[in-house]
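Working notes, beginning with the structure itself.
Labels A, B, C and D are assigned to the chains in the order they are written; within every chain, residues are numbered from 1.
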Amino acid sequence: MVGIVLVSHSERLAHGLRDMLVQVAGEEVPIEAAGGTDDGGLGTSYDRILVAIDRADRGAGVLVLTDLGSAVLTARTVLEDRVANDAVLVDAPFVEGAVAAAVLAGTGAGLDEVTQAAVEARDVRKL
Amino acid sequence: MVGIVLVSHSERLAHGLRDMLVQVAGEEVPIEAAGGTDDGGLGTSYDRILVAIDRADRGAGVLVLTDLGSAVLTARTVLEDRVANDAVLVDAPFVEGAVAAAVLAGTGAGLDEVTQAAVEARDVRKL
Amino acid sequence: MEEELARAWIAAVTAAVRTEADRLTELDTAIGDGDHGVNLRRGFDAAAAAVDSLAPGSAGDVLGKTGTTLLSKVGGASGPLYGTLFRALGKTLRAGGSLAEGLQAALDGVRQLGKAAPGDKTMVDALTPAVAAYAAAAGEGEADAARAAADAAAQGARATVPMQARKGRASYLGERSIGHQDPGATSTALILAALADVTARGPAR
Amino acid sequence: MEEELARAWIAAVTAAVRTEADRLTELDTAIGDGDHGVNLRRGFDAAAAAVDSLAPGSAGDVLGKTGTTLLSKVGGASGPLYGTLFRALGKTLRAGGSLAEGLQAALDGVRQLGKAAPGDKTMVDALTPAVAAYAAAAGEGEADAARAAADAAAQGARATVPMQARKGRASYLGERSIGHQDPGATSTALILAALADVTARGPAR
């Protein structure tokens, strides 16, 4: 199953979002939170992101979502350093994209389809 | 100053996002988290949303952001029931819209401008 | 509608929701987040308790109180929707309207809040035919009208199976939402079945 | 570049970041999230410690270690950016390249990672003229070239004041980012000033 990694500046935000995703996607989808700095402060952590990607990687690829553009820089560096290149960064709204991706991943869809679901979440209206 | 209310299905998510916003917007912007059900489970709470809006309302209006479409239903009902009608629901990406709105609110911008910033966050690219 | 009938209805819905909670949750697990049964159980347990401790008044008071309680206790999308449904019913009855008018107001409220149209695979697909059936059979008396509404709701719920969801969480699944019965349409059918049952029996004393 | 000079450089940057942390944070409070000084302090304190316990090797090793440490310890956007800068420098030097080549590789790496162009009100606005100035003055010796680079970086940082931010957090402010000096451009100027200072003094022993 495609894995999902949630890169946020806030540890609480990443874990809270993970709770929501597990509820919609079920326990089988590997969903990992990578929030906050190494010591749990606001920011992003290279090491937490790397560990999260490795954990979420079950062979079907990993989708990495970020809360803000500045998290992209850390995530991108991790992806460039990482030997296995089956993880992709997606430009999608963090919460909305993650929910859409988790739902699709839960159906057994592949990385391309899961990525597309995250991207298309941008155009889904809420009101 | 314009207030901001964060309606999420997850209490942790709402609070983590609030932490991030306080960092960028400063302590003066009234930012309230309304996450989870009355007993802290996953879902939304009419009462938490109402209390959060009343707290965030300092006379300059309140922008209400929701994590998913299903949170909109509860928030919309609160807004319809509420006598003071200076709170508005916005269709914006939750995290990205909230950050943009908080930054603008922190500069003293009015409700229209803050709302617009949240909406436009949809079109900001991360990668 | 008499107050006692309203009280009996809420009690019957609460009992039905308890019995069917697992099935509702299962349906919601297939195309949602698997909490519809839990949500409604929490909501109707609270509503039943609130109605029990409500001073004698009118059917409108009972249904309004039910709506307000569901609104704050359910926690899912169905909370504000059923909250709106029961509040609209209560408001119409308090203003002297008929149950047929109340059901129409309830449907209007649900549609206005949720923006779902028939065919979107939501509770609206059970509620819409139910309200129409009640109105069509209203001349035959409350019991027959309620039974017709319940049958129409059940059929409306079954008709959601082949639909693709366009509102609510199930819409994230796109085409993959096809082939499952909508949980909210299913619970709407339960609510109307309870109405038919208590109306057939007459108010419990 | 000699290893001792590289070690002295990192020590000097660490000292400068400590002295200037509050100013950097203040600049970041105006147009960002107010953590740039704290971020760099945490990062360079860790880098200095890592370099101190690094076995003797080469300047490239020292700078590479600095980059890797910044990358995992800074926590802000400047972490991967300065991490990339120092890793690119280290890599070029280890491969036998000159400092001028290393600085160019550093700039390329920063630009590729952050996608910022000159004029976007970022560290790129200090780094770009610094790298050009170093290359232009490289024939006059390391000390003069480093001084020229430091001056160009300082000027580049000042030139960010009237710019509107198009990358990083400050871009959320739109036009309201105008009138403030970019924190990252300011810290880049500090880093190059430290290089000029230690190069002028020669490696500390």
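Here is the rule we go by: a contact is a pair of C-beta atoms (placed from the backbone, for glycine too) under 8 Å apart; a residue touches a chain by one contact, two chains touch by 3 or more.
As the structure is a prediction and not an experimental result, all values here were calculated from the model.
Asker: How many angstrom lie between the CA centroids of subunit A and subunit C, rounded to a whole number?
Answerer: 37
Asker: So, what's the distance in Å between the C-alpha centres of subunit B and subunit A?
Answerer: 23
Asker: With centres defined as the mean C-alpha position, give me the subunit C-subunit D separation in Å.
Answerer: 63
Asker: Touching at least two other chains at once: which residues of subunit D meet that condition?
Answerer: Correct list: 33, 35, 169.
Asker: If I count partner chains per residue in subunit A, which residues reach a count of at least 2?
Answerer: 23, 42, 68-69, 99 - these are the residues of subunit A that touch more than one other chain.
Asker: Could you classify the connectivity of these chains, where an edge means two chains touch, as line, ring, star, complete or other?
Answerer: Drawn as a graph, the chains match no named shape, so other.
Asker: Can you name every chain pair that touches?
Answerer: A-B, A-C, A-D, B-C, B-D
Asker: Help me check something: in the complex, which residues belonging to subunit D touch subunit A?
Answerer: Within the complex, subunit D touches subunit A at residues 33, 35, 39, 71-77, 79-81, 83-84, 113-114, 167-169.
Asker: Please output the residues of subunit A touching subunit B within their complex, sorted ascending.
Answerer: My answer: residues 8-17, 19-20, 23, 35, 42, 66-69, 72, 89, 91, 93-96, 99, 122, 124-127.
Asker: Help me check something: in the complex, which residues belonging to subunit D touch subunit B?
Answerer: Counting only subunit D, the residues touching subunit B are 29, 32-35, 169, 172-173, 176.
Asker: Which bits of subunit A are touching subunit D when the two form their complex?
Answerer: Residues in contact with subunit D: 37-38, 41-47, 68-70, 73-74, 76-77.
Asker: For the complex, give me every residue of subunit B touching subunit D.
Answerer: Per the stated touch rule, the residues are 23-24, 26, 99-100, 103-104, 107, 117.
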